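Before any comments, here is the structure.
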Amino acid sequence: MTSILETRSLNKSFGGVHALADLDIKIYQGEILGLIGPNGSGKSTFVNVISGFHKPDNGEISLLTDTGMKNIGGKIPADVASYGIARTFQSSKPFLNMTVLENVTIAAMLRESTVPRSKAKAAEMIEFAGLGSFKNTLAKSLPIEQRKRLDLCRGLAIDPKLLLLDEVMAGLNPREMESGMELISKINQRGIAILFIEHIVKAVVALCSRVIVLNQGSLLAEGTPKEVMNDDHVIEAYLGEGFQKRGEPNA
Amino acid sequence: MKKFVFKVFVVLALCSLVIGVNLNVIAAPKVVRIGFLNPLSGSNADAGQQDLNAAKLAVEDINNSGGIKSLKAKVELVIEDSTSDAKEAASAAQRLFTTKKVAGALGTGISGLTMPIQPIVERYRIPIVTNSVNDDITSKGYTYTFQVTPKGSQFGETQVNFFKYINDKYKLGLTKAAIVYENSGYGVSTAEGIQTLAQKAGLKVVLYQPYPHGFTDAGPLVTTIKSSGAEILFPVAYTTDAVLIINTMKAMNVSPLIIGGGAGFLWPAISEALGKNVNGLISVASWNWDSKNITEDPNMVAITERYEKKFGGFMTEHAGPSYLGVRLIAEAVDRAHSDDPVKVAAQMRKLSLAKGTIGAFMQPGRVKFEASGWNTTHPVMIQWQDNKPRTVYPEASATRSFDPSFLKK
Amino acid sequence: MKNLNISKALPGIFLVIALIFPIFIHHDYVMHISWMIFLFAAMGVGWNLIGGYAGQLSLGHAAFFAVGAYTSALLYANFHLTPLIGGLAGGIVAMVFALLIGYPCFRLRGPFFTLSTIAFAEIVRILLLHFTGFTGGALGVTIPFTGERPLYLQFYSQVPYYYIALAILAAVLVFAFLFERSKTGYYLAAIREDQDAAESLGVKSYRVKLISLLCSAFIVALCGAFFAFVSGYIDPDGVCSIDFSTEIAVIVIIGGIGKLWGPVLGAALIIFLTEATNAYLGSLKGGAGMLLYGILLVVVVLTKPEGIISFFNIGKSKGGESIDDKHIGNAVTE
Amino acid sequence: MDGTSFMQSIINGLMIGGVYALFAVGLTIIFGVMDIVNFAHGEFLMLGMYLTWALSRFFPGVPYWLIIIVAPIMYVIGYFVYKLSVAKIIGKGHGLYILLTLGIGVILQNGALLLFSSDYRSINSVIKSAAINYGHFTIPTGRLIAFIMAIVCVIILNFFLNRTNLGRAMRATGEKSEVAKLLGINTEKTFAIAFGLGIMLAGISGLLLSPIFYTYPRVGVLFQTTAFVVVVLGGMGNVVGALIGGLIIGVMEALTGAYISLDLSILSTFVIFLLLLFFRPYGLFGKARGI
C-alpha cells in the first residue's frame, strides 16, 4: 500500500494554542480515510494546512508525484491544487453569481488549455455528479444538497489525486446523505483517494476502510471503523470522562 | 424589440444634444467678437480673475470710444474658462475657436495653460495675445501666438543688473546669492535666466534649489537658505508660497536682500497678507502700472485710474498686459477692415505702435512684434512703497527712486 | 459566460452609426468632443480590466497615461520616432511600471490597494518633475504643430482624430470582450466572487491580477501616446495628477463598473456634461461647472450605485454587482 | 549642513508634524470606526479655515479661543453630512464611499470658490510670523501652539475612547460592527458621532492653521494625501499611532528637504508609505482592525 500523502511531526499553533501537535499521518492510494474528532480537535486546521491556506509551523507534508514524494509544506493553495489536492469548505463556497457550469468550468481550466475544452470537461463532470438538471442555474439559487454536490464536482474537475472533504454530509437529510455517499464511492472508484472529515458516524462506518481520530491536535487512535468506535479513549474524548463502555454506540 | 428601440433612441438623443449644444447661428455682422481664455477656476483662478477684469475694461473702453471705426462695429468679449487643467484648456480653446467666430483671442496668463493651446491656435489660424512669460512660447515656430510681455529669461537679467546697480550705488558689498524657485514652467525658465546672469555678473551662487509648489511649510527651505549663508535671495514663486517664505524668514530672522521674481511678490494678495511689512520688498515685474511710459501719457494714466476705480486696487502685473492685448486685437481688426482672423493676424505682425498710441502702455513705450511673435520689451523692477508697487528701475522707466532705507533692516 | 442579454447586433449598429456620423456632422468641435469621449472610454475600458473585473480600485492610472505620453513624446523629441512605434514602446514601458507596482500592491486589499496606487502615481509625477534633464521637468515636452503630418498624428481637421480614437476604442472593446471570455477573465470573476475558493481550485490570484494590470497599463499608455501627439504639449502636473486618475475611475464607476459597455457610457456622459457645464456655466462664475459635476457624482452614488448602465441593462455583468470587497479590513492575504 | 541646521530641521519637522497629526487623527477615527477613508477630509479642513477666517473678522486678533465656536459647528456639519449621505452607502463596498467622499470634496471646494472667490485670505494677527528664538534655533509660535494643541487633543481623545462608554462603544463598533449591533450598541448613532468627531478634528486643524497659513478653496488638497500616509503609518484607526505617525512624517519631510533635495521632500513621504504598506500594513502600532 503506497501512501499518497504523508505528514511527519506536523505542527501548527495559533497564539499558543496547539491546533496540530506532531502529527504523523499517512493516506494510502485509492483509500477513503475517515478523520473524526470532537469539535476543536484540529480537523479543519489539518485540512487548511494540507491545502496551503495555513502555513505549518514546522514538520513536513509530502505528496506522491510521478517523481516520487515531494514536500509541499508551505506552498500556496493554488500550487497545492495544481499538484493534485482538491478540497471542499465546511460552509460551501460556490461562486454565487455564476451558473453551475461556469463554477465547474473555472476548476476544469486548471488542466484544460482552452475555454471550450474546459466547458466540455465541466459538462462531463456535472453529469457524473448528477447535477445535469441544474447546469445553467445560478449557484446562489441552489439548495444545500446541490451546493455541496457542486463543491464536490468542482474539486473533481481539477483531476485531483486526493480529495479533502470537510463535513460534506453536514445538514443533509438521510435520503440526501444516501445519494451523497453513493457519489463519494463512485468518485473513489475512479482511483481518487479521499480524506473524509465527518461527524456522522453512520457515513464514516459505511464509507471508510480506515479511520483516524484527532483530539486536541494529536493523533488519538487509528484503525478500522469498528476498532476505533470501541476504543475507550475515543469514547472518553467524545463523551467526556465518567462514561463506561456500553457496547455498540447507537448512530 | 421594444427594449432595442429604446436603446437606439437614447443614443440618438445623446448625439443630437451634443450637436445642438453649440451650433448657434453667426451673429449680425455689426459685432466683432474677441475671445477670452483664462483660468477662472482651479489653482490659477486668482490670476485669471485679474485678466478678466482687464479684458472687460478694455472692451468697455473700446466701445465707449466708438468701437471698431473701420467696421462701425461694437466689440463683444466671449469668455471661456480654461480652468487650471491643461486638457480642459485645450477643450475650451477648441470650443472657442470652432463654435464662436472670434477675430482674435486673449489667453492665457499661465505658461502651462498657454502651451497646450498653441497647436490649436495654429490649426485654426486665430491670433492669440498671451501675457505668460515662458521662453518656449515664442521659440517653437508658432506664427499665430503674440507674446506681449518680456520673457522669463529676461527677468534674471533685469534682477541681476538691478542688484549690481544698487550693490555699487550703496556699496552693499554682497556677493553670495541663493536662487530658490517653484518647480513649474514659470519657475524653471525664470530661475535659469537668473543663474546664467548671476554667474556672469560675478555673483557666487551658493544655492540653486527648486521646491514643490504649494508646499505646506517653508521651514526646510528657509533653513537651507540660512545655512547656505546667502546674502541675496532670488525667490521665484506665486502668492501662496511667497507669503509663506517671507513670513518664515521673518520668524527665523533670516534677512538676505530679497529680489523677488515677479508674480507672488507683486500681486495685491501679498500686500493684504503682509500688511505694512510688504513695504521695501523689491521684485521684477513683466509690467507695472506706474512705469514712466504710462505716467507721462495722460490717456494711459486714465486707464490705470479707471481700473482702480472699477476694481478697487492698483492695476496688476496680469491686468496691464491683458488690457493691452485686447486693445491690440481691436487695433488690428480696425486696420484689417475685417474680423477674419488670418487678416487680423497679418495686421498684428505689422503693428508698430509708439508714443501717443496704445503701444505706450507697455514699457519702454512701444509695441512691435518680432517674426517669432514676441514683443520686444523688457521687465522693470518695482519696490513696494506705501503698499503699492512703484517702478524703480531701469531709469528710463522709473518714476520713483529706490528707497534704500529698507536695506538697513 | 456568453449570456449577454443584448441582441448581438447592437455593437455592430453602434459601430456603423459611429463610422457614418462624421459624414453628416463633421463640425470640428463635435469631432473634438467625440474623440475625447472615445479616448476616455478606451482608457475606461483599460481601467475596467483591473478596477472592474479584478475588483482592484486604482486611483493611480494617470501614471500609466503619463508613461505612455512621455515615452512616445521623448522618442519623438530625440529620435523623431513616429507615435505609431513610440506608442507601442510607451505601452511596453508602462507594463514594466505595472510590474513594479503590481508585485508589491497585489498583496494589499481594499483601501490599502487604492491608497498605494495614489502613492505610486505621485512618485511618478515627482520623478518626472525632478529629472528635468531627461524629461524637460516642469517645462514639459512640446511636439510642435507644423502642418499636416499624418505620421505624427498632426492634422488640420479633427475628423482624422475622430477615426483614430474610434479605432483605438473599437480595438480595446474587442480585446476586453475576448478578455472577459478568456481564462484570465473567468479567473478574475471567480476571484471577485470568492478568492479563497478560487485559489483552492488552482487559480493563482496574484498572477491573474498582474496579467489584467499589465493589459490595463498597456491600453492606458497607448491612449497617453495618442493624447501627447494630438495635444502637442504635455507636462507632469497635466498628465499625472490625482484629479486625472480619479476622473478615469469615476467615468467607469458612474457608467457601470465591471461591465463591458460601462466605461463607454460613463465617458459619454461625463465628458459631455463637463463640456456642457463649462460651456454654459464656466463664464458665469468660476467653479459653477465643477459644482454641478460634484452634485451629479453624489446623486449617482446615492441613487444608482451599480452605475448608469444598469438602466440600460446592456451586457449583464458576469459576477459582482458593485465593487463588493469582502476583505475590507485586513490589508494582506494570509 | 552643520549641527544647528540639523536640529532646526528636526524642529521644523516636529512643528509641521503636529499639524499633520491632528488632521490625520480625525481621518483615523473615521476609518477606525466606520472602515471608510474620507477623501473629502482636506475640504473639511478648508471649511474650518474659512469659518475661522469669517469669525476672526468679527473678533480680530489671535483666533485660538474661537475653537469653542468652530469645534461644535464642524461637529454638527460632520454629523449631518453622515446622516444625509454616508449612512446610505455603509457596507456597500469600498468603491462607493470613495466616490461619495470625492463628490462631497468637489462640492465643498467649488462651493467655496463660488462663495469666497479664489482670493487668498489670511488672518492678520501677531502670530503670523512670531517665533521663539532660542540660541540659533527658531520655533515658530503658531506651529508650536498647533503642535501642543495636537498633543492635547490626542490625549483627550484617547481618554474618551478608552474610559467613556461612548468611546468603548465606538471601539467595539470599529472592531466588529455586526457583533456590536448584537450587544445592543446603536451602531448607526456611533457611526454618526465618529464621523462628526472626525470632521470636528479636521475643523480644529483648520483653526490652528488659519493664523499661520493662507485660506483658499484648494488648500485642503495640500494636506490630504500626506494625511493618508500618516494614518497608515500610525495604523489604521490608531489615534496615538496617528500622532506619532504625523511627527515622523513631518521630520522625514524636513530632513529629506534639508539633506537630499527640497523638491523630493514629498517623495520621501510616499516612499515610506509604499514600504510601510508592504512590510507593516497594520502600521507601526495598529492592530488588524478597530481603534
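Every chain is named by a letter (A, B, C and D) in the order it is written, and numbering of its residues begins at 1.
The criterion applied here is as follows: contacts are C-beta pairs under 8 Å (C-beta built on N, C-alpha and C of every residue); 3 or more make two chains touch, one makes a residue touch a chain.
The structure displayed is predicted, hence computed values, not measured ones.
Pairs A-C and C-D differ in how many C-beta pairs touch across them, and the larger number is found at C-D. Think of the whole protein's Cα atoms as having one middle point; the chain whose own Cα middle lies nearest to it is C.
Distance between chain A and chain D, defined via averaged C-alpha coordinates, is recorded as 51 Å.
Measuring from the averaged C-alpha position of chain A to that of chain B gives a distance of 75 Å. Separating the CA-averaged centres of chain A and chain C is a span of 44 Å. Each chain gets one centre point, the mean of its Cα atoms, and the points for chain C and chain D are 31 Å apart. With touch defined as above, residues shared between interfaces to two or more other chains in chain B number as follows: 41, 45, 49, 183, 210, 212.
Under the contact definition stated at the top, the residues of chain D that touch 2 or more other chains are 110, 113, 117-118, 261, 263, 266.
The touching residues of chain D, counted against chain B in their complex, run 1-2, 4-5, 8-9, 11-12, 15-16, 19, 110, 113, 117-120, 122, 124, 128-131, 133, 138, 140-141, 143, 212-214, 216, 218, 221-223, 226, 253-254, 257-258, 261-263, 265-266.
Those residues of chain C whose C-beta lies close enough to touch chain B in the complex are 6-7, 10, 13-14, 17, 21, 25, 27-30, 32-34, 36, 126, 129-130, 132, 137-140, 142-146, 154, 156, 158, 227, 231-235, 237-238, 241, 243-244, 268, 272, 274-276, 278-279, 282-283, 285-287, 289-290, 312-314. On the chain B side of its complex with chain D, the touching residues are 41-43, 45-46, 49, 180, 183, 209-212, 214-217, 219-221, 223-224, 226-227, 239-240, 243-244, 247-248, 250-253, 269, 272-273, 275, 277. By the touch criterion stated above, chain C contacts chain A in their complex at residues 1, 181-183, 186-187, 189-190, 193-194, 196-205, 318-321, 334. Chain contact summary for the complex, chain D toward chain C: residues 31, 35-37, 85, 88-89, 92-96, 98-100, 102-107, 109-111, 113-114, 117-118, 217, 225, 228-229, 232, 236, 261, 263-264, 266-267, 270-271, 273-274, 277-278, 281-282, 288-289.
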